[in-house]
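Same chain, two partners: chain A is paired with chain B first, then with chain C.
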Partner chain A sequence: MRREIPLIITAIVGFTYIIQFFVPHWPFNILEGLLTSWMLIIFAFAIWLGALNLLKVSLDKISKRSRDWPYAIITIAGFLMIAIPGFLFSGGRRFQDPGTAFDYIYQNVYSPLSSTMFAMLAFYVASASYRAFRARTKEATLLLLAAFFVMLGRVPIGDVLSSFLPEGYRMSQMADWIMNYPQTAGQRAIMIGIALGIVSTSLRLILGIERSHLGGE
Partner chain B sequence: METGFTFTNTLAAILTIGIISFLWRDNPLYKVCEALFVGVSAGYWFVSLWYQNLLPQLFDNLGISQLFSSGSAEDGALQVLFKQGRFDDRLFYLVAGLLGLMMLMRLIPNLGWISRWPLGFIIGTTSGLYFTTYFQSNAMAQLKSTVLPFTTVGNIVMVVGTICGLVYFYFSKEHKGALGGAAKIGTWFLMITFGASFGYTVMSRMSLLIGRFDFLFSTWLGLVK
Partner chain C sequence: MFDKLLKIDRRIIFIFVALALIVPMFLTITQHISVSPEVQIIYDTLKGLQPGSKVLMAFDYDPPSAPELQPMAVAILKYCFKNNLKVYIIGLWPQGPMQANMAIDNVISDPTFKDNPPIYDKDYVNLGFMSGNELVIQGMGSSFLHTFPRDYLGKPTHQLEMMKGVNNFSNIDFIVNLSAGYPGTVEWVLFAVDRFHAKLAAGNTAVQAPQVYPYVHAGQLSGLAGGLKGAAELEKLVGFYGKGTKFMLSQSFAHMIVIVFIIVGNAAYFITRKK
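And now, the complex of A and B:
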């Protein structure tokens, strides 16, 4: 019951979607709409589970005085700092309107933290590129050249440096050509490969051949 | 945006500097900002999903939110059932709510296995959906767009690059002879793709970084006009 029922649910739901694709008529079209709205609700609960689990783990850390436990207090405080105003003092469904308490915290706490966190990757990418871009092999040289043209083609100085070249061969135009043709060709090969992989994995999941997501027992 | 040493700007600046301080080394200020970011992110999604998803999709349809609000909100499935005595299709949302609650059982160690049912549902929907959509949009549509007339260098590059790239991912036969040659050319195209994607990513991250420095030096400190 612990493993069989989830497998049956997966098979029924998965086949319903596939049949609906080929037979988009009653009752499959209705079922597809219903299952999709259920899926969105369950996804929301799954993210709630993640948030609640974070609180549980943080509380455990505090109660056991584990390593770095004071930071767990800040995590919980951060959660409550946006959740309480979001639920109680932000006008209900209009919680994201400019001027609400939720929006204030989003603009002044969440947004600076998230954009700086992602901006930090610029430094790590620069350090990784130093290692990756040493033109030791033909392949590494191609990687280096493609990145060079794309990066320089995206800033005004690229066109200034290549202004002596005829129209159509300047840095920004070269970058566009690389992005439109060789880059797209490689990207397509990867996308087609991924799509075929997803199709086969989906079929394995629906047929119950792949069941590692259910864990042990 | 307001400029200068206002409370909000100073708060955002401290948080920005706190995250950047990791470049020096792991330090308490960074850890505080990191912990805060994790908590605020979780809280942000917790609230957003309630108002944007659970409330309109589940509780409004069932009529539970109408029980707690006065006004002329449309009747939900439960009101229709108990007031008018007829079955409303939206009652099926009870199943979604039940599966959602079963998902939360993961938090209770002895009942954690119950969450496999909604997990099975999610796996089934995503597998069924991706099976058709990925095959249609990422395999068939891409193949269709690749079959181009050999009239320009760009078109030739596109066709040759895609085919050779696919040959590289074909592992059922050893990459020798013509197959090996095509796979080698495929590798070159893949390297160009990775290089271009890398360059694109670097530029987007740089743009974010410039945005943060612009905030610090222009909006907050007012040093750059």
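And now, the complex of A and C:
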């Protein structure tokens, strides 16, 4: 029964969602609303579960002195530094209002730190491009040329450099062409492949063929 | 010499990139920003809305993506408030409503709105963050009030003036999704557009934009602004120049530096290979 009950729930919920997509009328519209509300509640609990799990994993790491355990202290300190002012010293429900302790931390600590982490990519991308973008093969040359046109076409200086070319052949227009045709064609192929994969995996789950998520064999 | 060039210390590249990013911030060079057809569609759709029309803005990003997406948010908000469009803000990312607040603050500090600043529950409402990813969009298709029982200030949404007559997507004239990943534009297309036939435009980070191009061609997206260039294009169209335009110069120089390094690297590679 440990395996059958989850399989039955999966099948009922899966079929309900499929049917209500094509038949959005009673009773399927009611069922859809009910199931969506349940799932939103589960999502909300999942956030709590995630936060508690983060604490548990980090505390375990510290107590066992596992590899890189000092970073776990920073994780917990960061978690508490934003959670405690948010819950206790930011005016309750209006914790996101301008001027609260939570808002102060968000604007002056979280926002600049996370932006800095992301901004560092610019440096690593430049360094990686220098080393990796080599015209070693025909395919690599094509990639290199596409990158050249898109990078220059996506900034105003590209049109300045290509202003001597006739209308329709300037950098921005070349970049638009690459994005709209070869790039979109490739994306479509990937998207259709992913969609077919999702459909087949979903059907296997709903029909109970795929059971690995339930554990066991 | 060319061998040394191939093994150049990455810190030298970092210095060049840093200079390319920082120096242009102190320069005042006027740049011509060409508008792509995808961004023009967003502006044309906004322009076609009657005063009082309802625009839903979904802030699905966090601070790392703000340099690209925040200028888009500010430009669209300024256009909406100037043209008396009602703005409904939500976030599928927890940080989204905070980013929306920062964008609203930016609008309020603009001298254009000094005498007529946007007023909460008259010009805009912020329904806050709701966990549940695409299920939130699905829930909004049935009922906004049910999905967002309270706004981000904690006030029951049914008491908000702007929520009167707003039940689901059929009461919204235009949706603008500013997205940096999941949940984001793909989910809005799959649920709000395909399922509930809403009219949607998107502002994406430069990394994410290529992924949603097929939706523009299929007519599922009414416009797409990609990266800082998209933000600069939007600013040009709505007539409010901000950080999108300002930072384009830095981006121009940075791209140039990367291209110069790639050319130098390839030249050194071919010369050493011949040897």
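Rule of thumb we're sticking to: the second predicted complex is superposed on the first by the 200 of 217 C-alpha atoms of A that agree within 3 Å, B and C clash if a C-alpha of one lies under 4 Å from a C-alpha of the other, contacts with A are read in each partner's own complex, and residues count from 1 in each chain.
Throughout what follows, a residue touches a chain if its C-beta (ideal position, glycine included) is under 8 Å from a C-beta of that chain, and two chains touch if they have at least 3 such contacts.
Please read these numbers as outputs of a predicted model, since none were measured by experiment.
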| message | Which chain, chain B or chain C, ends up touching more residues of chain A in the combined arrangement? | response | B
| said: With both complexes overlaid on chain A, does A:S127 touch chain B (first), chain C (second), both or neither? | reply: second
| field | Touched partner set for A:A51, first chain B, second chain C, both or neither | value | first
| message | Looking at A:I76 after the superposition, I want to know if it touches chain B, chain C, both of them or none. Which is it: first, second, both, neither? | response | first
| message | Output check: A:V109 vs chain B and chain C. Expected answer is one of first, second, both, neither. What do you get? | response | first
| When the two structures are overlaid on chain A, which partner does A:D176 contact: first (chain B), second (chain C), both, or neither? | second
| message | Looking at A:M39 after the superposition, I want to know if it touches chain B, chain C, both of them or none. Which is it: first, second, both, neither? | response | both
| request: Considering only touches as defined above, state whether A:A146 meets chain B (first), chain C (second), both or neither. | output: first
| task | Could you list which residues of chain A make contact with chain B in one structure and with chain C in the other? | result | 21, 36-37, 39-40, 43-44, 46-47, 93, 96, 106-107, 110-112, 114-115, 117-119, 122-123, 125-126, 129, 144, 147-148, 151, 154-155, 179-180, 183-184, 187-188, 191
| task | Quick one: which bits of chain B touch chain A in the complex? Just the residue numbers, please. | result | 8, 11-13, 15-16, 19-20, 22-23, 31-51, 53-55, 57-58, 92-93, 95-97, 99-101, 103-104, 106-107, 113, 115-132, 134-135, 137-139, 142-143, 145-146, 154, 157-162, 164-166, 168-169, 186-203, 205-206, 208-209, 211-212, 215
| field | Interfacial residue positions of chain A with respect to chain C in the complex | value | 21, 29, 32-33, 36-37, 39-40, 43-44, 46-47, 93-94, 96-98, 103, 106-107, 110-112, 114-115, 117-119, 122-123, 125-127, 129-131, 133-135, 144, 147-148, 151-152, 154-157, 159-160, 172, 176, 179-180, 183-184, 187-188, 191
| remark: Within their complex, chain C touches chain A through residues 8, 10, 13-14, 16-18, 21, 31-34, 36-37, 62-67, 95, 97-98, 101-102, 105, 128, 130-133, 135-136, 138-139, 142-143, 146-147, 152-154, 195, 206, 210-211, 213-214, 217, 227, 229, 248, 251-259, 261-262, 264-266, 269-270
